[in-house]
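Structure first, commentary second.
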Amino acid sequence: MNRLRLWLLAVGGAGLAALLVAACLDLPGFGGRHHPYGDRAVQASLARHTANTISSVNFDQRAYDTLGEMSILFAAVLGCVVLLRQARDEHRAPPEPAEVARPVRRYALLVLPVALVTGLYVVAHGQLSPGGGFQGGVVAATALHLLYLGADYGALERVRPLGVYETSDAVAVCAYLVLGLASVLAGTAFLANTLLPYGTFNTLSSGGAVPLLNAAVGMEVASAVVVLLAHFLDQAVEIEEEHGS
Amino acid sequence: MHHLIPLLVAVPLLGAALLVATGRFLPRIAAEITGVVVSGGTAALAVVLLLNSEPPMVEWVGGWLPVGGESVGILVVGDGPALGMATLVSLLTLSALAYSWRYFDEPPTGHTGAFTALMLVFQGAMCGFAIAGDLFNAFVFFELMSVVAYALTGYRIDEAKAVQGALTFGVVNSLGAYAMLMGIALLYARTGELAMTKIGRGLDATGHSGPDALVLASFVLVLTGLLVKAAAVPFHFWLPDAHAVAPTPVCMLLSGVMVELGAYGVWRVYGTVFAGPGGIPAADLTRALVTLGTLTAAVGAVMCWYQRHIKRLLAYSTVAHTGLFLVGLGVLTPEGDDGVALYIIGHAGVKAALFACAGVLLDRFGSVDEHALHGRARRLRATAVMFAVGALGLAGLPPFGTALGKAVTEEAVGGPLTVVFVAASAITAGAVLRVTARVFLGLGPRPEDAEYETSGSDEEPETSGLLSRIPDTMTTVPAVLLAAALAVGVVPGFGDLVAASVNEAGSGGAHVSVHWTLHGVLLGVASTVLAVALAGLAVTRPAWVSAPGWAAPLRRLQSGHVGDYVAWLLMGATVLGALALPGVLGS
Amino acid sequence: MNGWILAATVALGGGGAAALWGVTTGPPARRVIAQNLTTSAFCPALLLLAQGYGRPAYVDLALLLALLGPVGTLVFARLLSDDLSAQDASAWGLTWTAAVLGAAAVVALCVAVGPGRAMVKLLVIGVLLIGGNVIASRALAGGFRGVRGG
Amino acid sequence: MADALIVVVLLLVAASATAAVAQRDPARQALVLSFLGTLLAALFTVLQAPDVGLSQLAVGSALTPLLIMLCVRKIRRRGRSKEDAR
Amino acid sequence: MSTVMHVLPYLVAAYVFLTGCYGLATSRNLVHAVGCLAVCQCATYVLLLAVGYRDGATAPVFSDIAPGSRPVVDPVVQALTLTDIVVGATVTALLLALVLQIAKRHGTVDPDELRELRG
C-alpha cells in the first residue's frame, strides 16, 4: 500500500471526522419537532386527497425531482446498454441448460406469478399505502428473473423480448413528460396536478395525476430493471471473448 | 413565459426518450436529424428565455405558488446566469452533435439513436442543473449529469484507457455527490427547507451569533461536491483521466461547459445559501477559493506543459482555467463575476474548438501523441490554423472573448494574483502552440520520451477506420466555435449585456460596465507574447524546458489509482474546512 | 410500550447479530446459510413491528421480504454453486428452528388481529416465508448442479 | 423502548457497514451487502419510513446482490477461460 | 441516555460514510470498491431519515389511520431518500458495467495493476 495514500487518508479522514462530529453535536436533537416543510407537505397532500404523503411529495409536490430520478434510471440503463454491448472481438455462445433440483424449480414457477401480482399491487396502491411505482416495478422485474434462477437462462430469454422492454422503458418516460407538458399546454406550470379531479380520499383513483405518474414510473422501472439485468446476464452467461485477441 | 423554463429540461429528455423508443427502426440519418432538431430547438428556447430574463423570472414547478411565503414545490430560477449557462450548454451540445454528424463508427446494433439520446439527456441534465433553485433538485440534476457523463466517457468500450478513465470519473464524482447530499441533509436539519433562498434565510434566522460547526460542515460538504465537478485541486485528478479518453464530441461538452457548471454551482450556492450573516463570512470564502483556485491554476499549468498526449494536455489546460475562474469568483466583486462569466463563454468556444481539432488528428492518424505525430500533420493546413488561433484565444489575445473576460477578471482580482492569470494562460497556450509547431509544422527535433507519462499513440480512431479526408462538419464546427469566441470580445455591447444580467442576479443591484481597458489589452498581449516565446523555446531548445526534477513528484501524484484520488478528496475536504475555519472560530 | 416491539427488538437484535456474525466469518457455505437466516429473522420482526406500531400498512414490507429474501438466497446459491458444491451447505436443524419460530410469530399475530383480510395476508406471508426458507435451504444443499454454463 | 430498538438497529448498521468494507472478496462482500440492505430496510421501518424500507428491500435484498454476483461471475469465468486457452 | 440518543444516529451516519471512504481508498478490487461506494451512500440514507424522525410519531401514510390522529414524521426526507436509493442502485449498476469492461480490457480488476493513465 502506498504510504502517501495512507497519510492522506489518515489526515483527511481525521479532519473530516472532526468536522462531521462537530456538526452532529450542533444538529437539532434526533426526534425533534421542527419540520416546517414536512408539515406543509402533509397538509398539501391531504388537500389533494392523497393518502400516502410520500407519494404526494414524489409525484405531485416534487414531481420534478422524480422526473430527474427516472431520467437517471433511464440514462443509466441506456448507458449500460451502450457499455455492455457486444464488442467487436466477442461472440455469443448459447449457455448450457442448467440442472436444477425439482423443488427449487417448482418453487420458482409458483412464486413468479405471486411476485408479479405483488409488484402490480404495490404499484397500484402507491398513492394509498406504502409503495409506489419504483418499489413495485423492481419487484415485478425481479420476479421475472426467477425464471433464470429456477430454470435456466434460455427459459428467461424466451419470455423476454428485449426490444419490447427497451421501447416500453422509453415510452414510459415519454408518458411522464407528456403528462407534465399537458399542463403547460393548458396554461399552468410544468407537471401541475390541476387537470384531473382529485377523487375520493383513500381510493385507487384519488390524487389527480398522481396514479398516472406513479404508473408511468412503475412501467419505466420494471422495464429498465429487466433491460439492465438482461445486459448483465448476457455478459455473465452468453458473451465470450475470442481467444487470442 | 416563466412556465416555459422547465421545458429546457423536458424537451431534450423527451427527444431522447423518443429516440430510444424508435431507435430500432430509424435509419441513422433520421436519428441524427432528430437530435440536432431537438437540441437546436432547446437552444432557441433558451435564447428566447434569456432575452426575456429581465427582470429575472422564477417558476414554481407543479404550480405550487407560495402561500404566505411558503411553498411545497420546487423553485426553478430564470435569471441571466442560469439561462445564460443553459444557452451555452445548448449551443455547445448543438455544435457537438453537428461535429459528430455521421462521424462515429457504427452505433451499437439496434440502438441507432443511443449516442444522440445520451447527448440529449446530457444537455437536459446540464440545463436542469443550471436553472435549479432548489438544493436537492440541483443534486438530482448534478447526479443525472454525472451518470450520463460516465456512460459517454466510457462509450468506446474497446479502449482500455477509456473504461478506466470513466470508472475513476464515476467513483470520484459519485463520492463528491454523496458528500454534497450529506451537506444538503445537514442544511435541511438546521432550516427545514430545501429551496436555496429559504435555506439562506433560515441560516440567517437561526445563526444570530454567526456560523457554527454545522454551517461549516454543510458548506464544506456541499462545496466538496461542486468542486469535484469543477476539478479544483486536490479534487481534480479525475478530470485529465476522463477528458483525455472520452470521445471528442463529449470532451467538447465536458471541458467546455460541464466543469464550468461546477464553478457556476459554487457561485450560485454561496450567493444564495451561505452569503448571509448566518452563513460563511466573505473573507473565509475568498481565502478558500483564492487559495484553491491559485493552486489549481498552478498545478494545471505545470501539468499541462509536460503532457505529450494532446487531449490530456487540453484537459489540464481546462484545470488551469477553472482555477482562474474560481479565483475570479472568490474575490466576490461584481466585476469578478462579470469577468468570469465572459471568460467562461469565451473559454467554452476556444476549448471546444481545440478538442474538435484534436479529434481531427485522432481520426486522421489514429494518434494524439505529440511525439509520434511530429511533423506528420503538415498537410492539414486548416486544422493547423485553427489550432494556432485556438491557442492564441487560450492565451487571451485581444480581441477574443477570453481576453475580455480575463482582463475584467484581472482588474477585479488585482495585485499579485494578476501574475497567476498571466502565467497560467501563457503556459497553457504555450503548450498548445508548441504542439502546433511540432505536429503541424514539424519544427524542432523530435523530443525524447520521459519516464512517467501517458502516451497518446495507439489510439483507436472514433470513425470507422482512419479518415483519408476530413469531413466538412469536422472543420466547420471548430471554425464557427472560434468565430463565436472572437465575437464575444468583438461585438459591441455584448460584454455589458452579460455584465448587466449577471449583476442583476448576483450582486445586489451593483451595476458595472465592462469594456476593454489599455491595462487589460497589454496584459493579454503580454501573455500571448510569453506563450509564443515559451513555445518557441520549447521547440528550438527542448533541453532548456524539459521536465526538471521538482515536477516529477507532481506528475507522480497523478497515479491513475482510484484509491489515491479518494484519499485526496478527503484531504481536500479537510483543507477546505481548515481554510474556512477562522470565520467560524471568530464568531 | 408494548410486548410486540420488545419481541421485534429481540428478533432484530438477536437474529441480526447472529446473522451478521455468520455472514462475515467461516466458509462460504456457512455465510450463505447465515444470509438465508436473515430473512427468517427479519420477516417476523417486521410483522411484529407492524403490529407493535398499530400500522397494518407496514405488513407489506414483510410480504416483500418473504418474497424477495429467498430470491436473494437463490441468487447466491446459483452463482456460488461451484464454491458451495465443495462443502456440505445444509443446515436443516437451523432451517426448521427458524421456520417454527416464524410460524409461532405468525400464529401469535393471527390470534391478535382476529379473522379477516388481515389474517389472510398474514397467513400468505407465513406460507411464503416458511416455504421460501425451506426451498432456499434445499437450493443451498445442492439445488443447482452442473450450472457452469448458465 | 422505541429508542432502545433504534439504538440496536443503528449499532447493527454500523457493524455491518464495517464488515462490508472489511470483506475484501467481492462475493463475500455481496453477502454482507445483502444483509446490510435488509437491515437498512428494518432501520427505515423503525424510523417510520415504510416507503423507503420497501424500496431498500426491493433493491438491496435481490437486485444489487444479483448485479454484483453476475459481475463477479463474469470476471471469474473470464479468468478461467483465459487459463484454459493458455 | 437521552443526550447520546440525540446524536447517535447522526454519528452512525458519519461513521458509515467515513468507513466507506476508507474501504474505497484501500480497496484492492474494483468490484469491492463499488460495494464500498454503496456503503458510503447508505450513510446518506441514514442521515436523511434521522433528520426527519420525530419522537413518538408514525409514517405519514393515511390509508390505515385517520389524518391528524397521530403525530407524523417528515415525509419530505423520505421522498428524498427514495430518490437517493434509485440513484444509488443505478450508479452501482453503471459502475459495475464499467468494471466489467475494465476486467476485459485490462485483464485485472486490481487498481494497483492499472497502469495506463498516469503523469
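Letters A, B, C, D and E mark the chains in the order given here, with residues in each chain numbered from 1 onward.
The rule we apply is simple: a residue touches a chain if its C-beta (ideal position, glycine included) is under 8 Å from a C-beta of that chain, and two chains touch if they have at least 3 such contacts.
All figures in this text were calculated on a predicted structure; none of them were measured in a lab.
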(request) Please give the intersection of the contact partners of chain B with those of chain E. (result) A
(request) Compute the centre of every chain as the mean of its C-alpha atoms, then state which one is farthest from the centre of chain E. (result) B
(request) Please indicate which chain is farthest from chain D, where distance is taken between mean Cα coordinates of the chains. (result) B
(message) I'd like the Å distance between the centres of chain B and chain C, where a centre is the mean of that chain's Cα atoms.
(response) 50
(message) From the mean C-alpha coordinate of chain D to that of chain E, what's the distance rounded to whole Å?
(response) 11
(request) Just give me the whole-number Å value for how far the CA centre of chain A lies from that of chain E. (result) 16
(request) At least two other chains touched by the same residue of chain C: list those residues. (result) 53, 55, 57-58, 60-61, 64, 68, 71, 75
(request) Name the residues of chain D that each touch 2 or more other chains. (result) 2, 22-23, 30, 48, 50-55, 57-59, 62-63, 66-67, 70-74, 78
(request) Could you list the positions in chain A whose residues touch two or more of the other chains? (result) 5, 9, 13, 16, 20, 23, 25, 27, 35, 37-38, 41, 52, 54, 57, 62, 65, 68-69, 72, 76, 79-80, 83, 87, 122, 129-132, 134-135, 139, 142, 145, 228, 232, 235, 241
(request) Give the pairs of chains that touch; include all such pairs. (result) A-B, A-C, A-D, A-E, B-E, C-D, C-E, D-E
(request) Spell out the residues on chain E that touch chain D in their complex, using ranges where they run on. (result) 1, 5, 8-9, 12, 15-16, 19-20, 22-23, 27-29, 31-32, 34-36, 38-39, 42-43, 45-46, 49-50, 52-53, 56-59, 61, 72-73, 78, 81-82, 85-86, 88-89, 92-93, 96, 99-100, 103-104, 107, 109
(request) Please give the residue numbers of chain E that touch chain A in the complex, ascending. (result) 5-11, 14, 17-18, 21-22, 25-26, 50-56, 59-64, 67, 72-80, 82-83, 86-87, 90-91, 93-94, 96-98, 100-101, 104
(request) In the complex, go through chain E and note every residue touching chain C. (result) 58-59, 61, 63-65
(request) Using the touch definition up top, name the residues of chain D that touch chain E in the complex. (result) 2-3, 6-7, 10-11, 13-14, 17-18, 20-26, 29-30, 33, 36, 40, 43-44, 47-52, 55-56, 59, 63-64, 67-68, 71-72, 74-75, 78, 82
(request) Within their complex, state which residues of chain C touch chain D. (result) 1, 5-6, 8-9, 12-13, 16-17, 19-20, 23-24, 28, 31-32, 34-35, 38-39, 42, 45-46, 49, 53, 55, 57-58, 60-61, 64-65, 68-69, 71-72, 75-76, 79-80, 83
